[in-house]
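The following pair of complexes shares a single chain, chain A, combined with chain B in the former and chain C in the latter.
Take a look at the complex of A and B:
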């Protein structure tokens, strides 16, 4: 289990990283390497060049800009877990971060690396979808913004183009009346999730956003989730949650196995209950 | 969870001898990262090997294409002229032997089978070369299911056999007497294929010394002397030309108890190329290629009276042995053992069992910690709970009715296993009391606030260990243990060296064997060195397996130390100028009527000042090698009762262990602290079998859980701290009354946890009869039961 030969570049800044990424051959960006490392060793990927951006200070920058928290792509899970970045989600991101894999993974793994890898079972792809985050992407040609809900196309597939990297995640400040719930099902501590339920429910605004993750594809995002709560979002949303609607939703999304649907619906119901608690 | 337990040491008979909780001597280096494993060894000019392994389970090799530039660094079976395949026969009637090629010849019989060997300055370069070799294979239908493999018309793993059965074993006594029993429960029960997963995988370094005309093989092995036997056979070399060194070993559990084709390959390669070569097993190779364990299937019927008295057991069991018979334990030990141990610690008047060791296109299975007992215990103990449910009795009471009682000891059971000593019912009673079954029943009636279902489960087993000549000669495999030997040598400064042919792969033998020597000679444990893991420096032994070291090597060390003490007495008596009959050895000194002389002084005089000795001193010296067998070598029988409380989440199928109790009896314990550690480790592996570990195969014979992201092992958060209680019934046959105990922790957990889950699910009409009990299996069972209820309504 040793990687096939590759060239290794460690650029000094984002501009030179983008230049290196524009080179010939297959280029992979490394930002923590917690998934890419094993994939290289198993020879599931064999890039010509690795561009390692993990150490770039520009990508560790964090700031609150207006109603958004802008988090550099190379901020680690542990940075978030340990409260080293401002909290605009009333602890939601901190709790998610603290349950990602193991501490050793959290020390090195980054939010940008995780999102770019686009593993359906990973926590951030579901979390940021539920939090209505926006991603800043940058290439040598320029920058663009993509909503998290539009970023992931499928398992290990995103809208990132060759030569393009994820630069930052922009998370809206959570409204004081919003309620957050996040539950995942793992067979053991640190294992990848088999089901994720993430909900952001604002009864005052009458809005709810529901994400069903770890579905072996991009997470299922329900932007206006009134149908899951009997047609409207009110303070009694927990008791209004309709598991049959969720089950139908999953069937329509192609989840044919009844036990799979049962697990996902259960996890979603528990996420809703957590939000109501 | 009761995580706090009193770990204050029991008052030992002596502060360092048998019974003392002496901290492990070896931990000083191991815990500081200063251990030396195969992977730590550096030799000048060392090159790395990577193997081209078969991607298919069953195929004919049409051609192996090696790029021209790599011709001289890639080797195939065509290069291994004169090297013989690995052949592990048995003396059991009807056994069909298999030849395990060192590198595949014409046919491939498992995914991961070695096809070509590539050597390069680094492993990464060797893997690059391996990736450049292409195989032209004609795929054959795979034998992927042991039950289908027994059916006529199945594809054949070894065509010339005519079927896929290595061996059929059979036992019957009076089964017709049981057939009219009022309770008859029949089920199919199975345990999944597993990987043994020691922290350190296999690793081999081979080098040849022309001055000594000797091949040295560094290999993480449980049994260096047996590796030498096998290597000598395959390479057709004199044993004196082969030295096996097994340095620190990071866990074995059976995985390091076989001769590997890789060991033969690297031995050949270093002699061919003249430089040292290394292969370190990676985790993928471990999961896919070298050996698996545990895959059993039982079709079992238990007959009983309404009061729970066992009337008889009728069983047909199948073991998936994989493609080849591994050296030295063979493909049949496991299934043949099922026949002889299925009756467990119980008495019964009738028994019938037929087992099949079946060849499939999977890697060979090896005896893993507990060997067949984990599967047997799972099958039998699950069945006893079903009998109890049928009879409307508490499962503990059904067991108490049938367990062999202390006043019957020693007891020959229905298959003529000779249980040496113990109080099985007392162990069960203590476990039942500690887990508080009455309290759990009350809690079950009340229900849980979180909607989970509580269940309690028991299991009990007895375990034959330290099997001797009389047992193994019957198997007729390439290895039969005889007298275990040890050497004890006083050094000129009064220190003691012990040399043993067994090897520690984590058991703490450097400490426990020193404790035995302290008990015999009174030499401070800190002044004792245990030399092991090197065929050039130790007496012959079949090695470390079958929970045998404390009984066999401990007995041998005691015997050698006794002999050494007798010799020291002879010298000491001369120095004290008294008759030998008037001296005794106490606390490390020879005492006579009017004075004493220490072993240290005796050693100094013997080696450094021989001029102080009279001319007629006994010439035997201060180095003694002795052999040892227990008075009766049919094995010791340790035993344990496990009790567990679980909570099952009926919406996800998750199982959480809430409380775990172990009451065990390993005879006299040389170091109870080390035994505690072995039981904790065994429990972790047992929980792995019960809830997590599984190597599934698809219809093409492809192993599916090929990384640790898929093959789940329990971690620290999945293993509770058990409540542990030791009983100590001495074995009447062994030195100090010790019994083998090292494997036991891994035997009972799947059965106890399975019973607890079934207890929790009984109200839903769901039974889990297959390990591991995954959330998916539990949930599918619950959903199916719900659907059936709905259909019936």
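Take a look at the complex of A and C:
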């Protein structure tokens, strides 16, 4: 239960962090270490070097730029929960943050670390997909933007390339007419979710974005979810929600267990109900 | 050994530590502050919860080097703390402890809740204390104790502090020694080298897979040709991402290794396999067993295949059924679904490679030692595939 020995580097800025990542052997970036720490202790991961990026002021920077909130990768769940950063999602992110794991974990766990770890059950993976967020990735070659919906490839696998790190999350300002719903099912409070439903529904614009998360793979993202609501998004979307369509979506995604599908559909229905409330 | 400076219970402390030393181990083993308890050592049980920069953190998954310059308070440092004193009295009154093992962590988390919660709502207290496990007393007394302290303090007009007193961004404990120069701390001893390859097991036992994945695809080749490929062990192995063979393969015994990677976890299963064929039914199976020394895990796997002639024998439908079981540390992560997702992707890539190989596209075949690293690889391979192949992939991996 003690990690294998590793070397430790705490760079002074992003550029030197990227240089450190290009070092010899297996190099792993660590932020709050709330996902990596357990894996190190269990020796499931034994890197040669850990690059600690929590000292980098650039990664704790937050600003509203135009129609987006740009959040540095090393901002913690508790920072969001406590409202230490501005909010453009009318409280949606704050509510999600407050239910991640436990307070002691939220005080160190970061949004960037959580997304980079790409655990299908992580709250931000589904939340940012539903909020249409974009991720800013940086490597020695420069920066690139990737939509959250395209970021995850599978369980613990993302488009992050070797030598590339997540720098910031860009969250668009939520429209005043948009309705938000987020529900997860955990066997024990704070443990990994077994099902996540995240919906952003804008009846005025006739648009709905639906995310079914914690499917042990990349989340199922329905960009334009009209089919889930009988063809069009109106103010009565709650009563128009078609559970059979959701069940078919899950079947098509390879979820063969009817009980698993039932839990996911139920959680999604609750998320829709929350958005309508 | 590397130097770390901390303020521990208001006392300045400077110690040499290994980078892998957790804050909990530094407190207990070096500073003799054994009031901090270690339960699970992977952030689940909450026994090690201490205050870093005034807020609760898990000291078992927080490394001391990462908190250089931080302010640390352990249970020993809360002797004269007003809230902790009230909580100790309430814990005693409400029988909120029995063996006492979880109590230091309970008190630290409870103190934080007393500060932050606006009122003594039982549900909120239970949620707030859910990250601290008690295995003997139960939670009724603990919840009552926390409730009573919150109620008393609010009655005394002591306002809640929703942010627990934290005003700066970033992980608690970080940012104090934001380096003026990059520093590299070396471990006390060199990192362990890759363990020597395990000896392949003598027996390749039959087993019942705990998970089975199905794949089907159709290739524009006669069944006999496809069946011949399955007889070529080296060819089949080259289609399996991460697989390498050792020595000369014989049907009754093939030795080799398969390297798999799931996020930051990688495992190298060394083992052996045997091959069975049923010529009359154009079917067969490959059965193997392997173990990974680093994670002390063992996997058993089988690839069953059945070939069905299509278009009067001009084409063949390949039906694969791939089953596996996993035991040991890797299986104990408790997240079998993650392994299943990886297996699904492996199987999809294996099917794609077989399909390409059968189509005669060997030039762009991946090297046998290539690790599976993300679906991008699979997608890239599928995109490259020869266009004259009629393919149909079904199942979860195929939709990846």
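Brief remarks on what is shown
What we mean here is this: the second predicted complex is superposed on the first by the 277 of 277 C-alpha atoms of A that agree within 3 Å, B and C clash if a C-alpha of one lies under 4 Å from a C-alpha of the other, contacts with A are read in each partner's own complex, and residues count from 1 in each chain.
Criterion: a contact is a pair of C-beta atoms (placed from the backbone, for glycine too) under 8 Å apart; a residue touches a chain by one contact, two chains touch by 3 or more.
Note that this is a predicted model, so its numbers are computed, not measured.
When the two complexes are overlaid on their common chain A, residue A:34 makes contact with chain C while staying clear of chain B. Looking at the shared chain after the overlay, A:263 reaches chain B, while chain C stays out of its contact range. When both complexes are overlaid on chain A, the residue A:91 reaches neither chain B nor chain C. In the superposition on chain A, A:187 contacts chain B only, with no contact to chain C. With both structures placed on the common chain, the touch criterion links A:206 to neither chain B nor chain C.
In the superposed model, A:231 lies in contact with neither chain B nor chain C. Ranked by how many residues of chain A each touches, chain B and chain C are led by C. Looking at the shared chain after the overlay, A:42 reaches both chain B and chain C. In the superposition on chain A, A:4 makes contact with both chain B and chain C. Put simply, chain A uses residues 1-5, 38, 42-43, 188-190, 192 to touch chain B in one complex and chain C in the other.
Within the complex, the chain B residues that touch chain A are 122-124, 127-128, 131, 282-284, 651-652, 654, 692, 707, 709, 712, 714-715, 717-718, 774-776, 779-780, 783. Interface residues of chain C facing chain A in the complex, by the touch rule stated above, are 2, 18-20, 22, 25, 41-44, 46, 49, 52, 55-58, 60-63, 65-66, 68, 109, 112-113, 126-128, 130-132, 162-164, 166-175, 177-192, 262-265, 294-295, 329-330, 333, 335, 337-338, 340-342, 344-345, 373-376, 395-397, 399-400. Across the complex, chain B is touched by residues 1-5, 38, 42-43, 185, 187-192, 258-259, 262-263, 266-267 of chain A.
Of all residues in chain A, only 1-12, 16, 20, 25, 28, 30-34, 36-48, 50, 52, 54-57, 59-60, 62, 72, 74-76, 78-79, 82-85, 101-105, 107-110, 117-120, 153-159, 188-190, 192, 216-218, 252-254 touch chain C in the complex they form.
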